[in-house]
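The structure follows.
By letter and in written order, the chains are A, B, C, D, E, F and G; residue numbering begins at 1 in each of them.
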Amino acid sequence: MAKPTKFLNDTLGEKIELLLKDGRVLIGVLIGYDDHMNLVLEDTTEETEDMLRRIGTIILRGNNVVTLNPI
Amino acid sequence: MAKPTKFLNDTLGEKIELLLKDGRVLIGVLIGYDDHMNLVLEDTTEETEDMLRRIGTIILRGNNVVTLNPI
Amino acid sequence: MAKPTKFLNDTLGEKIELLLKDGRVLIGVLIGYDDHMNLVLEDTTEETEDMLRRIGTIILRGNNVVTLNPI
Amino acid sequence: MAKPTKFLNDTLGEKIELLLKDGRVLIGVLIGYDDHMNLVLEDTTEETEDMLRRIGTIILRGNNVVTLNPI
Amino acid sequence: MAKPTKFLNDTLGEKIELLLKDGRVLIGVLIGYDDHMNLVLEDTTEETEDMLRRIGTIILRGNNVVTLNPI
Amino acid sequence: MAKPTKFLNDTLGEKIELLLKDGRVLIGVLIGYDDHMNLVLEDTTEETEDMLRRIGTIILRGNNVVTLNPI
Amino acid sequence: MAKPTKFLNDTLGEKIELLLKDGRVLIGVLIGYDDHMNLVLEDTTEETEDMLRRIGTIILRGNNVVTLNPI
(Lines give C-alpha, C1' and ligand atoms only; values in the text may rest on other atoms or scores of the structure.)
Protein backbone atom coordinates (compact mmCIF):
# COMPACT_ATOMS: atom_id res chain seq x y z
CA MET A 1 0.00 0.00 0.00
CA ALA A 2 1.13 3.54 -0.75
CA LYS A 3 0.69 5.36 2.59
CA PRO A 4 0.18 9.11 1.99
CA THR A 5 3.35 9.99 3.94
CA LYS A 6 5.35 7.38 1.98
CA PHE A 7 4.04 8.87 -1.26
CA LEU A 8 5.01 12.35 -0.02
CA ASN A 9 8.48 11.05 0.75
CA ASP A 10 8.83 9.50 -2.73
CA THR A 11 7.80 12.85 -4.19
CA LEU A 12 10.61 14.86 -2.51
CA GLY A 13 12.56 16.77 -5.13
CA GLU A 14 9.75 16.57 -7.67
CA LYS A 15 7.58 19.31 -9.11
CA ILE A 16 4.06 19.20 -7.72
CA GLU A 17 0.77 20.96 -8.25
CA LEU A 18 -1.19 21.96 -5.14
CA LEU A 19 -4.89 22.75 -5.04
CA LEU A 20 -5.84 24.80 -1.97
CA LYS A 21 -9.21 25.13 -0.24
CA ASP A 22 -9.51 28.75 -1.36
CA GLY A 23 -9.24 27.58 -4.98
CA ARG A 24 -5.69 28.77 -5.60
CA VAL A 25 -3.23 26.57 -7.49
CA LEU A 26 0.45 26.55 -6.53
CA ILE A 27 3.25 24.80 -8.41
CA GLY A 28 6.65 24.12 -6.87
CA VAL A 29 9.30 21.56 -5.98
CA LEU A 30 8.48 19.65 -2.78
CA ILE A 31 11.47 19.80 -0.43
CA GLY A 32 9.84 19.03 2.93
CA TYR A 33 6.72 17.97 4.81
CA ASP A 34 5.56 16.84 8.24
CA ASP A 35 2.78 14.68 9.69
CA HIS A 36 0.20 17.49 9.44
CA MET A 37 0.95 17.73 5.70
CA ASN A 38 2.58 21.11 6.24
CA LEU A 39 4.79 21.45 3.17
CA VAL A 40 7.95 23.26 2.09
CA LEU A 41 8.14 24.14 -1.61
CA GLU A 42 10.94 25.67 -3.69
CA ASP A 43 10.63 27.68 -6.91
CA THR A 44 6.94 28.14 -6.16
CA THR A 45 4.63 29.92 -8.58
CA GLU A 46 0.96 30.74 -8.30
CA GLU A 47 -0.85 30.33 -11.57
CA THR A 48 -4.20 31.75 -12.55
CA GLU A 49 -5.77 32.13 -15.98
CA ASP A 50 -4.13 35.47 -16.63
CA MET A 51 -1.29 35.64 -14.11
CA LEU A 52 1.88 33.85 -13.00
CA ARG A 53 3.36 35.03 -9.69
CA ARG A 54 6.80 33.80 -8.57
CA ILE A 55 6.93 33.30 -4.79
CA GLY A 56 10.18 31.33 -4.30
CA THR A 57 10.48 29.10 -1.23
CA ILE A 58 7.36 28.82 0.92
CA ILE A 59 5.88 26.98 3.86
CA LEU A 60 2.30 25.95 3.26
CA ARG A 61 0.10 25.03 6.20
CA GLY A 62 -1.34 21.56 5.69
CA ASN A 63 -4.95 22.28 6.56
CA ASN A 64 -5.27 24.42 3.42
CA VAL A 65 -4.48 21.50 1.10
CA VAL A 66 -7.17 19.74 -0.94
CA THR A 67 -4.98 17.72 -3.32
CA LEU A 68 -1.38 17.56 -4.42
CA ASN A 69 0.01 15.69 -7.40
CA PRO A 70 3.38 15.38 -9.14
CA ILE A 71 3.40 16.99 -12.58
CA MET B 1 -18.89 -5.20 11.39
CA ALA B 2 -17.25 -3.40 8.48
CA LYS B 3 -14.98 -0.85 10.18
CA PRO B 4 -14.36 2.11 7.83
CA THR B 5 -10.59 1.44 7.78
CA LYS B 6 -11.21 -2.25 7.04
CA PHE B 7 -13.52 -1.25 4.20
CA LEU B 8 -10.84 1.15 2.89
CA ASN B 9 -8.34 -1.69 3.03
CA ASP B 10 -10.65 -4.02 1.09
CA THR B 11 -11.07 -1.29 -1.50
CA LEU B 12 -7.33 -0.98 -2.27
CA GLY B 13 -6.76 -1.43 -5.99
CA GLU B 14 -10.35 -0.63 -6.86
CA LYS B 15 -11.78 2.33 -8.72
CA ILE B 16 -13.58 4.73 -6.41
CA GLU B 17 -15.66 7.87 -6.66
CA LEU B 18 -14.92 10.65 -4.17
CA LEU B 19 -17.26 13.47 -3.28
CA LEU B 20 -15.43 16.44 -1.74
CA LYS B 21 -16.76 19.16 0.54
CA ASP B 22 -16.34 21.76 -2.20
CA GLY B 23 -18.67 19.72 -4.41
CA ARG B 24 -16.02 18.34 -6.74
CA VAL B 25 -16.12 14.70 -7.81
CA LEU B 26 -12.89 12.75 -8.31
CA ILE B 27 -12.56 9.25 -9.73
CA GLY B 28 -9.42 7.14 -9.33
CA VAL B 29 -7.90 3.88 -8.16
CA LEU B 30 -7.32 3.81 -4.39
CA ILE B 31 -3.72 2.81 -3.69
CA GLY B 32 -3.22 4.13 -0.16
CA TYR B 33 -4.78 5.70 2.91
CA ASP B 34 -4.03 6.52 6.54
CA ASP B 35 -5.97 6.94 9.80
CA HIS B 36 -7.01 10.52 8.92
CA MET B 37 -8.55 9.21 5.69
CA ASN B 38 -5.84 10.94 3.69
CA LEU B 39 -5.89 9.03 0.39
CA VAL B 40 -3.57 8.22 -2.49
CA LEU B 41 -5.28 7.74 -5.85
CA GLU B 42 -3.90 6.65 -9.24
CA ASP B 43 -5.28 7.46 -12.68
CA THR B 44 -7.36 10.21 -11.12
CA THR B 45 -9.82 12.23 -13.15
CA GLU B 46 -12.04 15.12 -12.14
CA GLU B 47 -15.40 14.99 -13.79
CA THR B 48 -17.91 17.78 -14.18
CA GLU B 49 -20.91 18.05 -16.48
CA ASP B 50 -18.89 19.41 -19.36
CA MET B 51 -15.30 18.54 -18.50
CA LEU B 52 -13.00 15.61 -17.74
CA ARG B 53 -9.56 16.54 -16.37
CA ARG B 54 -6.86 13.88 -16.00
CA ILE B 55 -4.72 14.47 -12.88
CA GLY B 56 -2.78 11.19 -12.53
CA THR B 57 -1.57 10.19 -9.08
CA ILE B 58 -2.69 12.43 -6.23
CA ILE B 59 -2.72 12.75 -2.47
CA LEU B 60 -6.03 13.94 -1.16
CA ARG B 61 -6.27 15.37 2.35
CA GLY B 62 -8.85 13.46 4.35
CA ASN B 63 -10.71 16.39 5.84
CA ASN B 64 -12.02 17.32 2.38
CA VAL B 65 -13.84 14.01 1.94
CA VAL B 66 -17.62 13.70 2.27
CA THR B 67 -18.14 10.22 0.84
CA LEU B 68 -16.21 7.64 -1.15
CA ASN B 69 -17.61 4.58 -2.88
CA PRO B 70 -16.27 1.85 -5.16
CA ILE B 71 -17.69 2.11 -8.67
CA MET C 1 -27.83 5.21 29.38
CA ALA C 2 -27.70 4.78 25.61
CA LYS C 3 -24.14 5.85 24.72
CA PRO C 4 -23.99 7.06 21.10
CA THR C 5 -21.54 4.31 20.13
CA LYS C 6 -23.74 1.68 21.81
CA PHE C 7 -26.72 3.03 19.88
CA LEU C 8 -24.68 2.88 16.67
CA ASN C 9 -23.80 -0.71 17.46
CA ASP C 10 -27.46 -1.63 18.06
CA THR C 11 -28.29 -0.04 14.72
CA LEU C 12 -25.90 -2.25 12.69
CA GLY C 13 -27.81 -3.95 9.89
CA GLU C 14 -30.66 -1.44 10.01
CA LYS C 15 -31.72 1.11 7.46
CA ILE C 16 -30.83 4.64 8.53
CA GLU C 17 -31.38 8.16 7.33
CA LEU C 18 -28.39 10.52 7.45
CA LEU C 19 -28.57 14.29 7.38
CA LEU C 20 -25.28 15.87 6.29
CA LYS C 21 -23.93 19.36 6.99
CA ASP C 22 -24.29 20.31 3.33
CA GLY C 23 -28.01 19.54 3.57
CA ARG C 24 -27.94 16.28 1.65
CA VAL C 25 -29.93 13.28 2.87
CA LEU C 26 -28.58 9.76 2.43
CA ILE C 27 -30.42 6.52 3.17
CA GLY C 28 -28.66 3.18 3.56
CA VAL C 29 -28.02 0.15 5.71
CA LEU C 30 -25.42 0.79 8.43
CA ILE C 31 -22.76 -1.91 8.28
CA GLY C 32 -19.85 -0.21 10.09
CA TYR C 33 -18.63 2.75 12.11
CA ASP C 34 -15.68 3.93 14.19
CA ASP C 35 -15.05 6.30 17.09
CA HIS C 36 -15.04 9.37 14.81
CA MET C 37 -18.52 8.40 13.59
CA ASN C 38 -17.09 7.54 10.18
CA LEU C 39 -19.72 5.22 8.73
CA VAL C 40 -20.00 2.42 6.19
CA LEU C 41 -23.39 2.15 4.47
CA GLU C 42 -24.74 -0.44 2.02
CA ASP C 43 -27.48 0.03 -0.59
CA THR C 44 -27.10 3.77 -0.20
CA THR C 45 -29.34 6.21 -2.01
CA GLU C 46 -29.33 9.98 -2.06
CA GLU C 47 -32.79 11.42 -2.12
CA THR C 48 -33.85 14.91 -3.09
CA GLU C 49 -37.28 16.26 -3.97
CA ASP C 50 -36.99 15.29 -7.62
CA MET C 51 -34.19 12.74 -7.71
CA LEU C 52 -33.11 9.38 -6.31
CA ARG C 53 -29.49 8.41 -6.92
CA ARG C 54 -28.25 4.89 -6.12
CA ILE C 55 -24.68 4.94 -4.77
CA GLY C 56 -24.24 1.41 -3.38
CA THR C 57 -21.69 0.89 -0.60
CA ILE C 58 -20.05 4.04 0.73
CA ILE C 59 -17.76 5.35 3.44
CA LEU C 60 -18.99 8.59 4.91
CA ARG C 61 -16.59 10.77 6.87
CA GLY C 62 -18.00 11.42 10.35
CA ASN C 63 -17.44 15.15 10.50
CA ASN C 64 -20.08 15.66 7.79
CA VAL C 65 -22.83 14.12 9.90
CA VAL C 66 -25.49 16.22 11.63
CA THR C 67 -27.96 13.49 12.60
CA LEU C 68 -28.63 9.86 11.84
CA ASN C 69 -31.74 7.89 12.68
CA PRO C 70 -33.09 4.40 11.98
CA ILE C 71 -36.08 4.45 9.63
CA MET D 1 -20.11 23.41 40.43
CA ALA D 2 -22.38 21.96 37.75
CA LYS D 3 -19.92 20.40 35.27
CA PRO D 4 -21.51 20.23 31.78
CA THR D 5 -21.26 16.41 31.73
CA LYS D 6 -22.82 16.20 35.20
CA PHE D 7 -25.64 18.45 34.01
CA LEU D 8 -26.08 16.22 30.94
CA ASN D 9 -26.26 13.21 33.23
CA ASP D 10 -28.90 14.84 35.44
CA THR D 11 -30.90 15.61 32.31
CA LEU D 12 -31.14 11.97 31.14
CA GLY D 13 -34.76 11.05 30.61
CA GLU D 14 -35.87 14.64 30.30
CA LYS D 15 -37.23 16.50 27.31
CA ILE D 16 -34.70 18.94 25.89
CA GLU D 17 -34.54 21.59 23.22
CA LEU D 18 -31.46 21.64 20.99
CA LEU D 19 -30.28 24.57 18.94
CA LEU D 20 -27.96 23.52 16.10
CA LYS D 21 -25.32 25.55 14.27
CA ASP D 22 -27.40 25.46 11.08
CA GLY D 23 -30.24 27.16 12.97
CA ARG D 24 -32.48 24.10 13.27
CA VAL D 25 -34.28 23.36 16.51
CA LEU D 26 -34.80 19.77 17.67
CA ILE D 27 -36.87 18.62 20.62
CA GLY D 28 -36.56 15.16 22.15
CA VAL D 29 -35.90 13.09 25.24
CA LEU D 30 -32.19 12.80 26.07
CA ILE D 31 -31.30 9.13 26.52
CA GLY D 32 -27.53 9.19 25.98
CA TYR D 33 -24.40 11.28 25.47
CA ASP D 34 -20.61 10.98 25.40
CA ASP D 35 -17.61 13.23 26.10
CA HIS D 36 -17.83 14.90 22.66
CA MET D 37 -21.43 15.89 23.47
CA ASN D 38 -22.68 13.44 20.84
CA LEU D 39 -26.27 12.85 21.92
CA VAL D 40 -28.97 10.19 21.60
CA LEU D 41 -32.53 11.51 21.61
CA GLU D 42 -35.88 9.68 21.62
CA ASP D 43 -39.22 10.94 20.31
CA THR D 44 -37.39 13.65 18.43
CA THR D 45 -39.22 16.31 16.47
CA GLU D 46 -37.90 19.15 14.36
CA GLU D 47 -39.93 22.28 14.73
CA THR D 48 -40.04 25.27 12.43
CA GLU D 49 -42.58 28.07 12.20
CA ASP D 50 -44.85 26.17 9.86
CA MET D 51 -43.76 22.55 10.21
CA LEU D 52 -43.35 19.76 12.76
CA ARG D 53 -41.40 16.70 11.57
CA ARG D 54 -41.29 13.53 13.69
CA ILE D 55 -37.88 11.83 13.46
CA GLY D 56 -38.01 9.28 16.31
CA THR D 57 -34.72 8.16 17.84
CA ILE D 58 -31.61 9.93 16.56
CA ILE D 59 -27.91 10.32 17.13
CA LEU D 60 -26.78 13.90 16.90
CA ARG D 61 -23.11 14.67 16.38
CA GLY D 62 -21.88 16.96 19.15
CA ASN D 63 -20.05 19.50 17.03
CA ASN D 64 -23.37 20.69 15.58
CA VAL D 65 -24.69 21.75 18.99
CA VAL D 66 -24.87 25.39 20.06
CA THR D 67 -27.07 25.06 23.15
CA LEU D 68 -29.30 22.50 24.80
CA ASN D 69 -31.77 23.09 27.59
CA PRO D 70 -34.41 21.05 29.42
CA ILE D 71 -37.96 22.20 28.62
CA MET E 1 -1.58 35.76 36.22
CA ALA E 2 -5.31 35.24 35.75
CA LYS E 3 -5.52 31.91 33.87
CA PRO E 4 -8.77 31.72 31.85
CA THR E 5 -9.97 28.67 33.82
CA LYS E 6 -9.17 30.41 37.13
CA PHE E 7 -11.12 33.44 35.96
CA LEU E 8 -14.02 31.15 34.98
CA ASN E 9 -13.89 29.62 38.45
CA ASP E 10 -13.95 33.04 40.14
CA THR E 11 -16.96 33.93 38.01
CA LEU E 12 -19.10 30.97 39.20
CA GLY E 13 -22.40 32.27 40.55
CA GLU E 14 -22.10 35.57 38.71
CA LYS E 15 -24.19 36.95 35.88
CA ILE E 16 -22.30 36.90 32.59
CA GLU E 17 -22.80 38.06 29.04
CA LEU E 18 -21.83 35.64 26.26
CA LEU E 19 -21.14 36.59 22.68
CA LEU E 20 -21.47 33.63 20.30
CA LYS E 21 -19.89 33.08 16.88
CA ASP E 22 -23.30 33.36 15.21
CA GLY E 23 -23.68 36.85 16.70
CA ARG E 24 -26.22 35.95 19.38
CA VAL E 25 -25.89 37.37 22.87
CA LEU E 26 -26.87 35.27 25.90
CA ILE E 27 -27.06 36.47 29.50
CA GLY E 28 -27.16 34.09 32.45
CA VAL E 29 -25.62 32.99 35.72
CA LEU E 30 -22.53 30.80 35.25
CA ILE E 31 -22.93 27.64 37.30
CA GLY E 32 -20.47 25.29 35.57
CA TYR E 33 -17.75 24.88 32.95
CA ASP E 34 -15.13 22.40 31.76
CA ASP E 35 -11.74 22.51 30.03
CA HIS E 36 -13.31 22.95 26.56
CA MET E 37 -15.12 26.04 27.87
CA ASN E 38 -18.42 24.20 27.64
CA LEU E 39 -20.63 26.18 30.02
CA VAL E 40 -23.72 25.68 32.17
CA LEU E 41 -25.86 28.79 32.67
CA GLU E 42 -28.94 29.38 34.83
CA ASP E 43 -31.70 31.94 34.31
CA THR E 44 -30.49 32.40 30.75
CA THR E 45 -32.02 34.94 28.42
CA GLU E 46 -31.28 35.72 24.79
CA GLU E 47 -31.43 39.40 24.05
CA THR E 48 -31.80 41.07 20.71
CA GLU E 49 -32.79 44.64 19.87
CA ASP E 50 -36.49 43.88 19.91
CA MET E 51 -36.76 40.60 21.79
CA LEU E 52 -35.97 38.95 25.13
CA ARG E 53 -36.34 35.16 25.22
CA ARG E 54 -36.14 33.29 28.53
CA ILE E 55 -34.39 29.92 28.12
CA GLY E 56 -33.73 28.86 31.75
CA THR E 57 -30.83 26.48 32.40
CA ILE E 58 -28.69 25.64 29.37
CA ILE E 59 -25.52 23.90 28.33
CA LEU E 60 -23.55 25.88 25.81
CA ARG E 61 -20.91 24.14 23.71
CA GLY E 62 -17.58 25.92 24.14
CA ASN E 63 -16.58 26.16 20.51
CA ASN E 64 -19.43 28.62 19.89
CA VAL E 65 -18.03 31.16 22.36
CA VAL E 66 -16.25 34.33 21.23
CA THR E 67 -16.17 36.26 24.52
CA LEU E 68 -17.74 36.09 27.94
CA ASN E 69 -17.70 38.77 30.60
CA PRO E 70 -19.29 39.31 34.02
CA ILE E 71 -21.92 42.07 33.99
CA MET F 1 13.88 32.93 19.91
CA ALA F 2 10.69 34.61 21.11
CA LYS F 3 8.26 31.67 21.57
CA PRO F 4 4.64 32.89 21.24
CA THR F 5 3.82 31.85 24.82
CA LYS F 6 6.95 33.62 26.11
CA PHE F 7 5.93 36.74 24.21
CA LEU F 8 2.43 36.47 25.72
CA ASN F 9 4.01 36.20 29.15
CA ASP F 10 6.15 39.29 28.58
CA THR F 11 3.04 41.15 27.50
CA LEU F 12 1.12 40.53 30.76
CA GLY F 13 -0.02 43.84 32.21
CA GLU F 14 0.29 45.64 28.89
CA LYS F 15 -2.40 47.11 26.68
CA ILE F 16 -2.96 45.03 23.56
CA GLU F 17 -4.99 45.22 20.38
CA LEU F 18 -6.76 42.03 19.27
CA LEU F 19 -8.01 41.32 15.78
CA LEU F 20 -10.68 38.61 15.71
CA LYS F 21 -11.73 36.31 12.86
CA ASP F 22 -15.11 38.06 12.61
CA GLY F 23 -13.29 41.34 11.95
CA ARG F 24 -13.89 42.91 15.35
CA VAL F 25 -11.10 44.78 17.12
CA LEU F 26 -10.79 44.63 20.91
CA ILE F 27 -8.40 46.65 23.06
CA GLY F 28 -7.60 45.75 26.66
CA VAL F 29 -4.94 44.93 29.23
CA LEU F 30 -3.74 41.31 29.02
CA ILE F 31 -3.96 39.72 32.46
CA GLY F 32 -4.02 36.01 31.60
CA TYR F 33 -3.70 33.36 28.90
CA ASP F 34 -3.36 29.59 28.46
CA ASP F 35 -1.86 27.18 25.93
CA HIS F 36 -4.86 27.47 23.59
CA MET F 37 -4.33 31.24 23.48
CA ASN F 38 -7.53 31.74 25.46
CA LEU F 39 -7.04 35.22 26.92
CA VAL F 40 -8.23 37.27 29.90
CA LEU F 41 -8.38 41.03 29.29
CA GLU F 42 -9.16 43.90 31.67
CA ASP F 43 -10.58 47.33 30.79
CA THR F 44 -11.61 45.95 27.42
CA THR F 45 -13.19 48.13 24.77
CA GLU F 46 -14.50 47.25 21.33
CA GLU F 47 -13.75 49.93 18.79
CA THR F 48 -15.38 50.46 15.42
CA GLU F 49 -15.33 53.50 13.17
CA ASP F 50 -18.28 55.11 14.89
CA MET F 51 -18.55 53.34 18.23
CA LEU F 52 -16.59 52.57 21.40
CA ARG F 53 -18.13 49.95 23.69
CA ARG F 54 -16.71 49.35 27.18
CA ILE F 55 -16.87 45.66 28.13
CA GLY F 56 -14.64 45.47 31.24
CA THR F 57 -12.99 42.15 32.05
CA ILE F 58 -13.49 39.38 29.49
CA ILE F 59 -12.41 35.90 28.57
CA LEU F 60 -11.75 35.53 24.89
CA ARG F 61 -11.66 32.07 23.34
CA GLY F 62 -8.35 31.56 21.56
CA ASN F 63 -9.65 30.13 18.32
CA ASN F 64 -11.22 33.50 17.45
CA VAL F 65 -7.85 35.28 17.45
CA VAL F 66 -6.09 36.30 14.24
CA THR F 67 -3.42 38.64 15.67
CA LEU F 68 -2.64 40.42 18.90
CA ASN F 69 -0.11 43.17 19.44
CA PRO F 70 0.93 45.48 22.29
CA ILE F 71 -0.03 49.10 21.65
CA MET G 1 14.60 16.99 3.77
CA ALA G 2 13.58 20.47 4.86
CA LYS G 3 11.04 19.85 7.65
CA PRO G 4 8.64 22.82 7.95
CA THR G 5 9.77 23.54 11.53
CA LYS G 6 13.44 23.38 10.47
CA PHE G 7 12.69 25.80 7.64
CA LEU G 8 10.91 28.10 10.13
CA ASN G 9 13.97 27.94 12.37
CA ASP G 10 16.32 28.82 9.49
CA THR G 11 14.07 31.78 8.70
CA LEU G 12 14.36 33.37 12.19
CA GLY G 13 15.54 36.96 11.85
CA GLU G 14 14.47 37.19 8.22
CA LYS G 15 11.74 39.29 6.64
CA ILE G 16 8.78 37.17 5.60
CA GLU G 17 5.51 37.61 3.78
CA LEU G 18 2.43 35.94 5.28
CA LEU G 19 -0.77 35.16 3.44
CA LEU G 20 -3.73 34.69 5.80
CA LYS G 21 -6.97 32.78 5.25
CA ASP G 22 -8.96 36.02 5.24
CA GLY G 23 -6.85 37.23 2.31
CA ARG G 24 -4.75 39.73 4.24
CA VAL G 25 -1.01 39.99 3.61
CA LEU G 26 1.36 40.76 6.47
CA ILE G 27 5.09 41.48 6.18
CA GLY G 28 7.46 41.34 9.15
CA VAL G 29 10.60 39.86 10.65
CA LEU G 30 10.07 36.36 12.08
CA ILE G 31 11.35 36.25 15.66
CA GLY G 32 9.49 33.25 17.05
CA TYR G 33 7.20 30.29 16.37
CA ASP G 34 5.84 27.13 18.00
CA ASP G 35 4.62 23.71 16.88
CA HIS G 36 1.14 25.03 15.96
CA MET G 37 2.83 27.55 13.61
CA ASN G 38 1.82 30.38 15.93
CA LEU G 39 4.27 33.13 14.97
CA VAL G 40 5.87 36.22 16.49
CA LEU G 41 6.75 38.98 14.02
CA GLU G 42 8.59 42.28 14.51
CA ASP G 43 8.25 45.47 12.44
CA THR G 44 5.04 44.08 10.99
CA THR G 45 3.12 45.93 8.30
CA GLU G 46 -0.15 45.07 6.60
CA GLU G 47 -0.14 45.92 2.94
CA THR G 48 -3.10 46.35 0.65
CA GLU G 49 -3.33 47.98 -2.76
CA ASP G 50 -3.90 51.44 -1.34
CA MET G 51 -2.76 51.18 2.26
CA LEU G 52 0.24 50.34 4.44
CA ARG G 53 -0.47 49.93 8.17
CA ARG G 54 2.39 49.61 10.67
CA ILE G 55 1.51 47.19 13.49
CA GLY G 56 4.89 46.61 15.21
CA THR G 57 5.38 43.34 17.09
CA ILE G 58 2.55 40.82 16.83
CA ILE G 59 1.55 37.29 17.67
CA LEU G 60 -0.25 35.58 14.85
CA ARG G 61 -2.31 32.48 15.54
CA GLY G 62 -1.13 29.63 13.35
CA ASN G 63 -4.48 28.40 12.11
CA ASN G 64 -4.93 31.64 10.12
CA VAL G 65 -1.83 30.99 7.99
CA VAL G 66 -2.05 29.81 4.38
CA THR G 67 1.56 30.40 3.28
CA LEU G 68 4.66 32.18 4.49
CA ASN G 69 7.79 32.91 2.51
CA PRO G 70 11.02 34.83 3.06
CA ILE G 71 11.25 37.95 0.91
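We take it that contacts are C-beta pairs under 8 Å (C-beta built on N, C-alpha and C of every residue); 3 or more make two chains touch, one makes a residue touch a chain.
What you see is a predicted model; the values in this text were computed from it and never measured.
The chains that touch chain A as well as chain E do not exist here; no chain meets both. Fewest steps needed to get from chain C to chain E, stepping only to touching chains, is 2.
Per-chain Cα centroids separate chain B from chain E by 42 Å. Rounded to whole angstrom units, the spacing between the C-alpha centres of chain A and chain C is 34. Per-chain Cα centroids separate chain F from chain G by 19 Å. Looking at chain E, residues 63 sit in touch with two or more other chains. Each chain touches the next in a closed loop, which from chain A via chain G reads A, G, F, E, D, C, B.
Interface of chain D with chain C (complex): residues 9, 12, 20, 22, 26, 31-34, 38-40, 44, 55-61, 63-64.
Of all residues in chain E, only 1-8, 21, 37, 62-63, 65-71 touch chain F in the complex they form.
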